[in-house]
Structures are given as structure tokens and as C-alpha cells.
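What follows are several structures.
After this come two complexes, each holding chain A, first together with chain B and then together with chain C.
Up next is the complex of A and B:
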């Protein structure tokens, strides 16, 4: 019986249409407002963030549904039936809840086409985010139905939508006026991503997830109870869940938003290839492993040929700072800029940069692996950079190209000069000098790097 | 009696509340972009409030009556839009100004047109869906905190409600919507 009514309500009520409108709007916004998403986590977080939009729409859909009987002018007729109100409205509330969840999931599935690497890493931390988004949508329609039942006017639904926008879109501005990032924003149905923008590597802490789950569930329960209640007394009692929820959620809330976002350790873990040569990359970028394999093999063989003993494995780092480097590992810091395609040649070049030794801190100007800071980095030393480029060129057997433009960077001239000097020497001497340079670079010792390559007194 | 039958008292109260809300939020929100956003959303709320009045209580009865509906409908939309505009603009004189009067006028005109189009296509009760969805999409596409697109012209026209007051294409878009909405509603009336 219940299932049959539910089926009829799903088909005949506004549920289907509401789900369609919400999902379509959401998909449009997810596609239109952002570049393709670099990771699944980013899509999931953004889909929660745009609940600024979808949540008020859910609210309006609920309110619209609640007015059905009045619109059809059967309100009084229905009120005379002996069946209690909660039994009558439960199926339609369920239908709306199903619609809300469906809308959210369809929206996510539709926007999956906008994820750059659809086979990329799907973090476990995304699952509670999705579940909470769906729960918040259920809360939206039930609250909307409650408000619609309390204020049965044709104006209710559009007004709720607009008031919802005002509340959710303007509230961040008011909250953001505080310089501190308040944890209280977690009480809102939409979710603000981590402040530093590192979407891909973070997830919401268990505590924040639990608090949100409790709060959203309390909101939804109150919405449903108010909608199903028929007497003022029971309606008042129906506020109990939300009061209880607030009483627990507010003190248990993480103090700040940055407390709520924690690092996703699995995302940064290295995954490696099984066969030789071993190429490792963070799980987040594991989709790039295949394209890395060929260049890595080539880079390793070049190093083994020209600068023995060469390293045997390649660790493609993307995030984080260069740490101490074991001699058998080639650590490559490739900043995989999402929108750039890397050819195999470029990758080999990047891997052989400075013979695979990461530059020492503060020597090359802006470090792409460091978050951008306010103060300008120290000016790069052209002799240091020139030496690195000369070594890279020597490994690749490729003379640094002469300047094409009017103005040439000083390090390029130095690099070409050093390359020529180096190439004129006997092979053993070349190898010895580059090895000495590499040792100095690994230890980040002081002293002029260019001198190590071209010999004292010859640089002028 | 015509006014009563079209739910004008409720609408008037709602619009009045919007105006008061605009004034109150004007005191609360300092952020300049936020003020424009609030002004837009309040204009949206106020214009959607006129939607239910665009249909009579009984569709068939209205059709059967020997009244020349088109001019009356056109007058209804125009008067409703002007009233909303007048009330919202009045807040600018009472308190601090939220957004330029020109901007409010443009937005109210365009949104009223959209409501009228919505009434003609979807029926008066569902009419608010059109302006609400459009505005919502624009707000998400052109982020409320950022600057609206300035080129090409079709983007300016699509995001007319968040453009600055001197964007010609946006004004054109709003006027076109207002005229089209009024004409469509005057000719077709509200769908049941």
C-alpha cells in the first residue's frame, strides 16, 4: 500500500520536475562556472559549494509541493478525512526526499563529464561529502514543505527561493568580514572549501562531518515533523530536534574552518609501477603514470650512460617541498599544471633538469612547489641557474640555443659559454666536473657552481 | 474589487516587506558588491511577488467575460512593475542608497518582463521560476564577488542583471524583456 502511494506520488507530484530543474541547474553551473576540475575532490567540494543555489531551489520546491492541496482547492476536503495528517503526508514527503537525493546525485553524475581525469583518484573522503550534500537537500525540501504548510500562500515558494539566495549568498560576505575563518560556516548547507584552495589533497575531518551530519539530520527531522504536524502544540514540539541538534552541534563544532579540513594522506602517498624502471607518483596524479614511464626510462638511461652511477627509480613529486634525496632515486618535481599537455620530450627535459637534483632553496627565484607568498623571493643568481642549465644541456647533448629575441637572459649566455667550455674538454674530465657539480648541488654547499664546471679563472 | 481579486493586498505587503528589507540590509551590508547583489535579489523578490496576481481566480470565467483583456493585462503588468520600482526606489531616499536608481529600474523592468513571460508560458503560479532561475544562474556564473563579463556583447546581455548601470547592451536586454513580457502577457494572458 505504502509503496504504491509512494510510486503514485513520485509520478504525479512535483517531485520529478523539481529534481529535473535542480539537477539541470546544478549541472549547468558546475559546467559553466569553472574550468574542468582537476580532481574528483574538487568537483565534490564545488558541488557542495553551489548549494548556495540548489538548496534554496530545494526549499522552494518543497514549499511549492506543500501548497498542492490549496491550489487544487481540496484543502478542506482533505482536512475532513479521518486519516491522521502525518499518515497522509508521509508518502509525498518521502517522494520529495527521493527527488532531492536523486537531483543531487544526477547533478554530480552529469558534472562528472567535467572532471579532467575521470579515472583519477577518487578519495574516500568524498563519500561523506556527497552523502551530506544529499542529506542537506532532503532537509531543504522538508523545510520548504514545513514553511509551505505554515504559510500557505502562492508567494511562499518564490519568496523562499529568493530569501534563501540572500541568506546563503550574502552570509559568506558577512562571515568573511571577520578575518578569522569561523567554524560556524559549517552550519550552512553549502560548504566552503579549504581556505588555501588545496582542494585535491584535503578532506573534511571526521568530526566536522559528524557535526554536519547531526545538524543536517536535525534540520530535516524538524522540517518533516512540522510539515506532518497538524496542531500548533505538535508543531512546537517538532522544533525539538533542531534545538537539540544545535545544542550538540554548536559546541562540538571545529573552532575554525581550517581546523575542519585535514590532509588526505592517501592522496599524497606514492604509487609505483611494478616493472622496471620504478616510477612513482602521488596517488592523486596516478593517471599520469603511463605517460611518465617512457620519459622516465629515457632519463634514467641518459643518467646511467653519462653520469654513472645513475639513479634507478623516478619519483615524480608534485606537491610538497624537496626533501633530502637518496642517491638511487631521481626525484623529479614536475608541476603538473592541469591545463598543459606535456610531451615526452618536455618531460625528459624536466626530469634531467640539473641532473635530477632539485634546486637548492632560495636559488631559482619563484619556487613552483612553494605556495605563493607575499614577499618577493630573492633574485635568482644567474651563475647558479646558468650552471644548472649547462648541466642539463650537457646531459641532453643539446647546446643551449642562442637568443632569438632582442634581450637575452644573462643565465642563458652563461649556460652556453659553460657548455662550450665543457664540451671542449676530454670526456673523463667532463664527467668528473659534472659529478663534482652534482655532489655540491646535492649537499647544497656554498660556492660558485659555474666554477665547478668550467674551472677556476676561466669564467672571467 | 479587481485589485482585491488579483491578490493585490498580499502582493503589496510582500513588496513592502521587500522594500523594508532592502533598507534594513542596506544598513547591515557594507561590502559594495554585496550591496548591489542584495539590491538585485530584493528586486527579484519584489517582482516575483506580482506573479500570482497575473491570473484571476477562475480561468474560464475570465475568458468568458466580455472585457477587452489585452489592454487591461498590459496595464496590470506596467502598473505592478512601476509600483515595485517606486517602492524600491523610495528606500534610496530614506536610507543610504544600495545601488544606482538606474540599475534598480533596469532590473525591475527586466525581471517584470520575465515574470510576465513566465505567466504567459508557464502560468501565473509558476511564473517566478523564470526570473529566479535566470538570476540564480547568472549569480553562479558571474560570481557575485567578482566582476561581470564586459565582452562579448551576448554575454553582457545574458548577465544583464549584474551589469553596471551604464552597460548599454544590458539595458537593451532588460527593455526587450520588459516589452516582450508585457506584449506576450497582454496577448496570451496567463496560462492556466
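Up next is the complex of A and C:
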């Protein structure tokens, strides 16, 4: 029977409409507020972040629902029925909870179209984030129903929406006024992403997830209990879950928000192709593996032909610290800019850049011991860059093109000169020079690379 | 019409009256609207008459367990409702149509009555049939799956009666049930009342003397919170006598005559 009543409530209460409004608002904000999401994790974190908006909407929906008995003037009739209030409100509370969860999941599903690589890496760490988002939404509608039952006025719902939105915007600043990195912000229904913005590679620590789960469950339990209570004494007792929840959650909370976000090791692990040639890429970018296979085969065959014995594996890395490079591995540092579609030819060129050896940080003027800054890197040495470009051109049998514009970058002229000098040498000599250059590059040794490549002293 | 019989009903009756009030006092707001009422009612259709403000609605609400008595005793189905007793078992056996009948506009007729049946803790297995029966008895079969908000005023009233009778109550309280019904529906309603009155204590509060004369087995006339007269409807017409009281029918003339005589003796 309860199931029949639940079905009626799902169809006839505001539950369905509430779900629709919340989901539509969420999808709109998720689409409108951001560029397409580079990873699933980013979408999930942002979906929790915009709960600053969707959570107060849940509150308002709950409060509006709770007004129904007063609005419909059924209070007198219902007061004469034997079923106790807590049993009477359960179906509609459940209907609203189902609506809240559905709204959140539909919002995520709807915004999935805004994820660049929908078949990309879906981290396990996203699952607790989604579950907690749904739980927080249930808390929102139940708390809203509780407030609506206590203050049965048509103004309650809009007021809750506004107060909730403003409150969620202001209170974290108050809680964390001395430091923007307070762990206590995790007690709020919306979630702030990792402070360094590395959404794709991080996840919330188990401890932070557990504390949030406990706290959100306590909030929801209190909301439901206050809504279901019919006497002031019971309402007071209904505050118990939230008091207990706070007593446990506050001390157990990670001290800072940075502590709460931990590295997702699985995201950075390399995944490789099973067949030849072996191409490896971080799991986060595994969606690109198939498109790398053909260019990798071609790049490896070029290296095998021109600089035997060439490497046998391609490692596509998006970041990392270049150190001594193994000879059998072609390390391609493709900055996979999410919005760029790479053609196979471009990928081959990128892979063969510097004969598959990443640039030495020291040579381009970056101190690898310094953390990366947002400032522009220093201008690299044109002689170093020119030598690299000459080697790439030599491998591709493609002379660096002459300047077309009025002004030419100095390294382009150097590269063309070096290419011509190299091409004039006997083939064995060419091969020996490039091999020597590559050894230096792999070891990241000091010294002038252009001199090493075409070293007769006439350059410069 | 076969009605469902619950275990509680087949138990031997241990009380003399379905509703029994002794020196009953019930407050409506600050006013003592029922003030020293003595009344007994059992199976049958009881027409509750009285001028505006006589305390009809307050009496009905106290029998419906909305209001607690402020004094005296009120015994319903053998249960004294004055103390802090658990009203749950009692409420299962009451049907109530409030004067201002509220409903959920978005529910269909069937859903709303099913919802009330659930609130009345009817066994789940019996509910769908009971709901259908109640809808048929008030003549809303063809509108059963329409939303409540699409019903006319008279249909809403009938839906209100349907929700009141869905649990086959032993006490059925109808406050102004005929408001908004057209003449034909009133006739059908009177037939329904007579039918219900064979095994239920029906209390109908109304202004319409002819409804009472036509459909009730018992007339209860109250004024200023006290019982003025109780008897069969024929008494009303008889009371008119040679008296030329106001009214178009004998019953109406009797009603105003009894009321006038009562007020004369009081003053």
C-alpha cells in the first residue's frame, strides 16, 4: 500500500516538477559556466560546486511541498485520520528524495554531453563524489520540508532559495576568513575543487568523503525527523542527528582543503597498447591511444631507418620531469590541448621532435627544481632550439621552410643553415652527428648543441 | 450493497450508544460553542439542525476528534474521548466531511480517496475495491480518473462524501453535505443517507430542514450549544400544529415553532 501511495505522490506532488527545474537549471549552469570539460572528474567536481545554486533550489522545493496541506486546506480532515503524521509524510518525503537524487543524476547525465571525451577515464574517486552530491540534495529537500512545515507560508520557499543561495556564498568566507584553505568548508553542501585547479588528477580523500557522508546524512536525518514530527518535543529531539553529526564530523574533518584533495594515482598511471608498437599514455588521456598508434608506428620506423637501432616504445607524456632517457623509448611530450584535433602528420612531427627526446629543461632556461609558475618561461636559446629543429627536419627529410613573413624567428634561420650544412655531409657522417647530438640531448649534458651537430665553428 | 466488516466491528458491542454526550462543553476559539449538551445517538440518520452559531459544527468537530471537550463527557463507540487516550482505533471507525472540505487538486478522484483510505489505515488488499464502491455510491464513476481540480462544486462535495464513507465508518459525520448539490443529486444523496443509516450512525449537520424531514430517522435541534429537541421527523410537522410559524412546509414551521418556544422559556 505504501508503494501505491508513493507512486501517487511521485506523480501528483511537486516532486517531478522540482526534479525537472533543478536538473534543467543545473544542466544550463554546467553548460553555460564552463568550456567543455576536459575530464569526467572535472564535470563531477563542478556539479558539486554549483550546488551553491541547486541546493537552495532543493530547499525551496521541499518547503513548497510542505505547504501543500495548508494550501489545500486538508489539515482538519487529516487530523482526524488515525495514521500518525510521521507515517503520513513518509511517502511524500520519499518522493521528494527520489526527485532530488534523480535531478542530480539527470543533471550529470545531461551535462555529459559537455565532457570532451565521453569515453575517457572515469575515475573511481568520482563515484563517492556523485553519491555525496545526491545525498546532499536529499538533505536539501528534507530540510526544506522541515522548514516549510514549521513556517507554512507561501513566502517560505522563495525566501529559502534566496537565503540559501546568499548564505552559501557568504558563510564559507566567514568560516574561513583567515585562510581560504579551511577544511571546514567541506561541511557545506557544495564542494570546492582542489586549490591548484588540477581537477582531473585529484580525488577527495577517503576521510573527507566519510566525514561528508556522515555530516550530510545527519543533516538529512534531522530534516526528515523535524518534518515528520508532530509535537514540539519531538521536533527538539529531531535535532539530535545533526548535533551528533557535528560532534563527530567537525573534529574528524581534514584540517585544510588541500589535505582533503589527494592525488589520483590511477589517473597518471601509464596504459599501453598490447600490440606492436608499444604506445603508452597516462590513463587520463587513454582516449587518445588509438589515434597515437599509427603515427607512433611511422615515427618509430623513421627512427629505425635513419638512426638505427631506433627506440621501440612510444611514451606519450603530458608532463613529467625529463631526466636521462632510455634509448629504446621515444618520449613524446604532446601537450594534449583538449580542444585541438591533431592530424596524424602533426602527431608524427611532434613525436619526431628532437628525435624523440624531450627538450632539456636546463637548456631551454627552466630550472627543473623550481615549481612551475604561471609566468611566461624565459626565451629559449635560439641556437639550442635551432639545432633541435634541424634534427627534426633531417629526420622528416624536409628542409625548414624559408621565412614568409617580414620577420623571421632567429632559430628558424639557424635551423635552415644547420640542415643545409648537415645535408651536405656524407650520409654516415650525417648519421654520426645526429646520433652524437641525440646522446647529448638524452643525457641533457651542457654545451652548445648546434656546434655539436654541425660543428665546424663557422656558425654563430 | 455489501459492506466490508472488520474484526473490530464483529466484536460484541459493549456500549449503549454510538455517541453519548453528557453536559458536554466544547470551546470554539474563546467562545463556549457547545455548553452543557446532553445527547445520545445510535445507528440511524440524525439530522442536526439549529440556527447559525448554535454549535452544530463545533459539536461535529468534537465528535470527529478534532476538538477536545472542555468539560462534561463525550463517549464515542464506548470510548471516553476526554482523557489522553489513543484515538487511533476510534478514528479508524469515523468518516468525516468537514464543512470546508479541502483536497489535493492534482490528485484524481480515485487517488485522493485511495489516499484517505490509506490515512484511515484500511487494509491494503481491501482498499481498491472500497474506493471503487465509495465512488459508485456517490455517482462519480465516470469522473473517477479525472483530476479533483476539474470537478464542479457539487462533484467535489460528492467526492468529499466518498472519502468519508470509504472506510465504512460506524460513525459518519457530514457537515453541510448538500451544499452545492443540484435537486437531482440531493434526491440521490437522501437515498444514500437512508441506505447508510441502516447500519451506521450518521450525523448530518444542515440548514435545510426539508433534507432532514426527507432522509433522517432522527432530528436533533440545538441552540446556543444546548439540546432543544430530539425526536422523529414527524414530530417536527406535529410541532407546527396550529402555530403559524415562519416556513413553507410543515417541517419548517415546526422547526421555527420549537425554536421560538424554547427561546421563550429560556428568557
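To be clear about the criterion, the second predicted complex is superposed on the first by the 429 of 460 C-alpha atoms of A that agree within 3 Å, B and C clash if a C-alpha of one lies under 4 Å from a C-alpha of the other, contacts with A are read in each partner's own complex, and residues count from 1 in each chain.
The definition used in the following text is that contacts are C-beta pairs under 8 Å (C-beta built on N, C-alpha and C of every residue); 3 or more make two chains touch, one makes a residue touch a chain.
If you're wondering where the values come from, they're calculated on a predicted model, not measured in any experiment.
Partners chain B and chain C, once the complexes are superposed on chain A, both fit on it without clashing.
When the two structures are aligned on the shared chain, A:75 is found in touch with chain C, with no touch to chain B. In the superposition on chain A, A:4 contacts chain C only, with no contact to chain B. Applying the stated contact rule after C-alpha superposition, one finds that A:88 touches chain C and leaves chain B untouched. When both complexes are overlaid on chain A, the residue A:12 reaches chain C alone and has no touch with chain B. Look at A:32: by the touch rule set out above, it reaches chain B but stays clear of chain C.
Of the two partner chains, neither chain B nor chain C is touched by A:250.
Once both structures are overlaid on their shared chain A, chain B and chain C have a minimum Cα-Cα separation of 11 Å.
The residues of chain A shared by its contacts with chain B and with chain C come to none at all. Listed in rising order, the residues of chain B touching chain A in the complex are 7, 10-11, 14, 25, 28-31, 34, 37-38, 41-42, 44-45, 48-49, 51-52, 125, 128-129, 132-133, 135-137, 139-141, 143-145.
Taken in their complex, chain A has these residues touching chain B: 21, 25, 28-29, 32-33, 50, 52-53, 56-57, 60, 71, 153-155, 157-159, 161-163, 165-166, 169-170, 173-174, 177. For chain A in complex with chain C, the residues that touch the partner chain are 1, 4-5, 8, 12-13, 68, 72-84, 88. Interface of chain C with chain A (complex): residues 61, 64-66, 87-92, 94, 96, 98, 100-107, 111, 114-116, 118-121, 124, 127, 163.
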